[in-house]
Amino acid sequence: MKRGRCKRTLQDISLYLCIGVITLFFILAIIPEVFAPFPENKRFIPYMDPDTVHFLGTDDMGYDIFSLLIYAARISLLIGFCAGGFSIFIGTATGLVSGYFRGWIDDLLMALTDIVLIIPKIPAIILISAFLRPSIWILILILGFFSWETTARVVRARTLQMSTSGHVLSARSLGFSSYQILISDIVPVIFPVLLPKFMLTITGAMISEASLSFLGLSDPTMNSWGRMISDAFTHGGFIREMWWWFLPPAICISGAIISFIRIGMVYEKPGQETMVE
Amino acid sequence: MGASFLSFHYLIRKIFRYLFSFVIILLVVFLLPRMMPGDPIANLVGEDVYLSPQKILELRSAFGLDSPLHEQFFVYCMKLYQLDLGYSFHMHAPVSSLLIDRAAWTLLYIGIAIVCGIIIGVGPGEKAGWESEKWWAHFLSAGAVLISSTPPYLLSLIVLVIFVYHFGWFPLKGFYDTFDITSIIHHLVLPISVLTVFYASRNFLIMRGAVLSEKCQLYPQFVRSLGIPEKDILSGHIRKNAIIPLITLIALDFGFLFSGALFIEIVFSLNGMGSLIYDAILSRDYPVLTGSFLVISVFVIMANILSDILCIVLDPRTGRNE
Amino acid sequence: MVLTAAILACCCLPVMAEEKILRVATTNEVKSPAFIGDYTLGLFNHISNPPLMQMDQNGKLIGLLADHYEVSSDNTQWTFYIKENQFWSDGTPVTGDDVAFSIQMYGKSVPNAGWIGETLTDTAVDGNKVTFTFNKPYTNLALEFTSYSILPRHIWESVENPNEYTSTGPYVGAGPFYLDNVDLNAGKVIFKRNPYWKGTSPAYDAVEISWFKNEDAAAKALESGAMDTYWKYASSYPYAAVDSLKSSGTFEILEKPTSGLTFLGFNLKKEPLSDISFRDAISYAINYQEMVNIATLGYGRVPNRGFIPPAMDGYISTQAMEYNPETAKKKLESAGYKDSNGNGIVEGNDGKDIVLDLLIRNAYSREAELVKEYLEKVGIGVEIRSVEDNTWFELKDTYNYDITLTRTTPWGMLMHANWATGYFDSRRTGQGVLHTVDDPVFLELCDNILATTDTTLLNRYAQDVQNYYADNLPGIPLYWKNDITPYNKKITGWYSNPLYGIMNEFTLTGVKPVA
Amino acid sequence: MKKNPLLQVSDLSVTFQTNGDTIRAVTGFSCQLDYGICTAIIGESGCGKSVIAHAILRLLPETALVTGSVQFKGKDLYSLSLEELNAIRGRQIGIIFQSPDRALNPTYRIYRQIDVPLRNHQVVPEKKRKDHILTTLRNVGFSHPNEAARLFPCHCSGGMNQRAVTAVVLSLLPDLIIADEPTKGLDSLRVSDVKSSLLKVKDEGRTLLLVTHDICLAQDLSEELLVMYAGEIVESGKTQDILQSPMHPYTRGLLKSLPENGFIRIPGSAPSYANMPSGCRFQDRCAYASERCNNNLELLNKNGRMVRCHLFC
């Protein structure tokens, strides 16, 4: 008996810890000035080692790495959340429509998802950022647009299952419009699938943003964790083994992503209730 | 009987859908590079060299870039018909031979990584799902979550700094120093292990999730009531149901096999397909870009069709409610 | 019998004796095994196939394959005298025919040598004397011929399209080493000793040039002793890695001022950039000392308005760049750019706020951040637009920007009418050139330089060019820098010239391990 | 020597430990099954009767705490090792699961689902196995067995799956068959099929434990009857006696709620398992409740009939 209780609290602790981490990052993103010891654009002597004044030393331009880390939270989270939300929105809409209406709409939308899956992402990003001014919203649009196909597939599968279930058929027989059925019947049931998917797309967006800045394709004025790491890579951070320059942003990215995944798993409780009847 | 006809019909519809998307992809893959700003001619020569205007015109006609886009597309499709992917002026070689050479190496290091990823990922994932209460199951899944939440290039950078820069156990670049097995192995151990760790942790998590959800179904309980021992329940009944979601993902891995792991190639200085495509993007090498994207798209579509067939064979429920 | 013994000796000799290899690290990547076609291989093949002329360490042109040259009075006829006693690596002697054939071949089939094909009318060979006649005068032909490697005619005449010819080697060469193997998968090019080389025999049996995809890996290869030296065309060893290299104790640093620099270019076709007083105000807004500290980590100095660094001959000292935000603001006001609506940004004569579109290539993001901060301090708005290289070339050529950051290379500075005129002359096209100045005074100055080879006249023109830059500021140099070339203390005899750094014949025959 | 009964359950109680509160699903259940007779357990859904079925074969998850003993042919199942238990499971005691659609493995054909347990227990030699399966399928009501054998569960209707599950259990020729809600969710035509197949099982002389809420089915098939309410036995005895003259108020209420007896509903609803009232658990729904009812009461023996109600002590 006792073992059951302690396992449960272990799971709860990890959940509360992750929620704590996410709220911390959000606070940093909203009001970085309060926490950052120095303003974002204040420069000191480059390549200083960590000391009491600069907890994480300074980078090649002399910026204080600790303050950069705090200011960078805003961009990374913003991109992660907006791109994740955008891609979930498209994915769910496509999945619902193609799963519910089936027929040629389903084929068309699924063919579209295949195409988006296969379109090579990097040239498309270069193409778009060359035509439009590369700003944070363009990046969010691009990242969002290139990650909704998995969501669409999952939502479509669930909608297909749902559309043959009893209460949907009965709703349809009572003359509810498809829109009402979709919103009131199918979406609430699909929501437990959406939450982990939403978290996964957020992490996917954060990872691709970091990777894009590694390739030097993201806008230099946006200071994100990914860009800090790629600056360390291109400006001697690795060669001088300044681990205090590239490890903290790496830990922040992984920490944020783990916390998002952990929160997404809140629904995924291996059900024991099959037996108690 | 009705069931087999239904899935056959379902498969045909799927194949039609893929053909339709292939035609669109052919168009997109042809237009995308050509719409990118920048002029491939300029990349032919160095940064400081002076190109007289009429020399540029001469080159444009040699490239076939002077005719309007639809004509170029028509010519491209005709040549494609005879499996001629065109000639790359930047790489001074026919595209097909370029792709074959680079694809061979990429197939080597990514192929091994995917296979190891399956071996290392699926087995333990299944066990971790089956005995999810054990401490090692928690430990392994926490590790897998940690790995799949770090950006790929970051993990390879950290591995590079520790094993190559700091300890110097592994060489810095290239597929080999001298073309022999020990040198190739010595060069490829690190990139392959980084990739394997990634594929394995993803397979582990998905397999664990699938076994967990299958474990709570009623049929394992019924089989247990028939006196079948626990391990036979896992291998005999749960595994076949749990493997289904993983099949589409592994099929996609094989599909994107040829796109190469760009980050691994940049960090470990390997010239596989990934860097071929990345260089072609930067130097606007249209024939190579279109050729490689086309090859990748064909492989992804074939992988999708294969995974659909496998799904129908393994799970009779697919296609039933189409 | 003797012949077989000789062959046996020469092929097994290197195997028996411990083969001494000189290893060079670089980040210039060879993309394809095309001897003529590949850009980077074109940089390396000077070792195996020496061009006619080369540059000595102070930038003066001296003979390489050719001993010396003569120019007709009207600068249309150039005669080169080929050195005696030079042999290809397959034993056949080097003759005038090889030179004539090579130059004609470049003219016919190599894109960037199109100008030879268009203007070369006649080539006469007389023993070791080769005379080229052009239909228009050239004054810097000797300089151009430092980059065209001379190829063996008896091998290349059968090649139908030399620019597209690819083979992983070996290639026949007349230099101290011949190109033995190009191995893309191993990421290296191997040169083997030329058995028929009559010059001072090199201390090494082979030279291996390995390229890395990123600078850190190259620097680490150097520190770990896997490589003996580092070479990158027209750029220095990464400044950030110098300290850790020195701490490794096995390396000395060769620091030489270079004519490669980073400058702020203006789109002179657009308001308010075309206004000299606006450009002059901007020149006072930039903190040059901080730019030197950050961009070159101190291996550089504050530039002068004359743009041309002391590393180039014909340099004259002009007024140094000065950082004084107050003067910049005053100059802006006096030029009519006032901040009437008080939002901290000055307005142009059209009344709207001046927000300059700073177009840069991705590699310049650090310098761009600094420039943006400096200009905003004096009231000029800046929007940074970072694009990858190819997009930058197109947007720059279509003047789709206000200001931009770009670099000059030693070779680029000598291009066209020398002294960086190639970058500004609006009549020239090319990837790295801005072609923004169409001021007739400047164009006429360029034509004069191109029309003469008289050195005293050229020096005067050099002064005129530098004074023109100082007065009109078509481009503001951010810093002058020194190129760092690390070399292994266990090896002596390094020789570096401004064009190709250590990659020259003196180094390859001169270097030897310290006893 | 008196042959010990086929199955002797004494004082079985099951409590579940789920996030914080403990659920006492079954308290103090005991019964005795003799060879060849059919016993039925009836009660509202959720009164813990299915838990008993699964508890007998130790199929409950780890979070369940089971006390009491289950003697099968003299051996206590809860002290057996897993290998010994597996030898009994299916081969000697078989449970016909409740929701057939979910009880069958979706990715195997019906033939294989029967074949795997057969091969595991070596019930029938290799060459005779195929027609043994086909005959079992015919017995449970499949008119064309070899066609049915090739079907997948998802291609069959609810009724066909029910018959398939029955076939899987019967093919192992177990001594004791526990049928868990065999008629749940089936239309009347299928119910009569189920009844006829269970009757056939009784004729073969196998012991049957019927867990159902369908009183008519219990009436037709079973000799012994146990009535359960909120995890406790409230009344047990001969089926015909109880149905003619129910003693416990809950049993009377149950019978009145039958369609032929006027469809009268019992007021109120079953108490929640988390906080069970002390004493008689039916008191707040019972018409004859008095303050006597809230002190504990054992099963009273009224000449062979057991009843747990203060009215009779």
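A, B, C and D label the chains in the order they appear, each numbered from 1.
Basically, a contact is a pair of C-beta atoms (placed from the backbone, for glycine too) under 8 Å apart; a residue touches a chain by one contact, two chains touch by 3 or more.
What you are looking at is a predicted structure, and each value in this text was computed from that prediction instead of being measured.
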item: Chain nearest the global centroid, as defined over all protein CA atoms shown; value: B
item: Most distant chain from chain D by Cα centroid; value: C
item: Averaged-CA centre spacing for the pair chain D and chain A, given as whole angstrom; value: 50
item: Length of the line joining the C-alpha centres of chain A and chain B, rounded to whole Å; value: 22
item: Interchain centroid distance [CA atoms averaged], chain C/chain D, Å; value: 90
item: Distance between the centres, which are taken as Cα means, of chain C and chain B, whole angstrom; value: 39
item: Sequence positions of chain A contacting 2 or more other chains; value: 126, 130, 233, 238-239, 241, 272, 275
item: For chain B, residues contacting two or more additional chains; value: 36-38, 133, 160, 165, 217-218, 221, 266
item: Where chain D touches two or more other chains, by residue; value: 54
item: Chain B contact footprint on chain D (complex, rising order); value: 54, 57, 59, 62, 82-83, 85-91, 94-95, 97, 99, 102-108, 116-117, 120-121, 147, 150-152, 154-155, 165, 168-169, 172
item: Contact set on chain A toward chain B in their complex; value: 7, 102, 107, 110-112, 114-115, 117-120, 122-124, 126-127, 130-131, 160-161, 163-164, 203, 207, 210-211, 214-215, 226, 229, 233, 238-239, 241, 243, 246, 250, 253-254, 257-258, 261-262, 268, 270-272, 274-275
item: Complex contacts: residues of chain A adjacent to chain C; value: 41, 43, 46-47, 60-62, 126, 129-130, 133-134, 216-217, 219-221, 233-236, 238-241
item: Residues of chain B defined as touching chain C within the complex; value: 36-39, 42-53, 55-56, 59, 89-93, 105, 160, 164-165, 168, 172-179, 265-267, 269, 271, 275, 279, 282-284
item: Touching residues on chain B, where the partner in the complex is chain D; value: 1-3, 133, 217-219, 221-230, 232, 236-237, 240-241, 314-317, 320
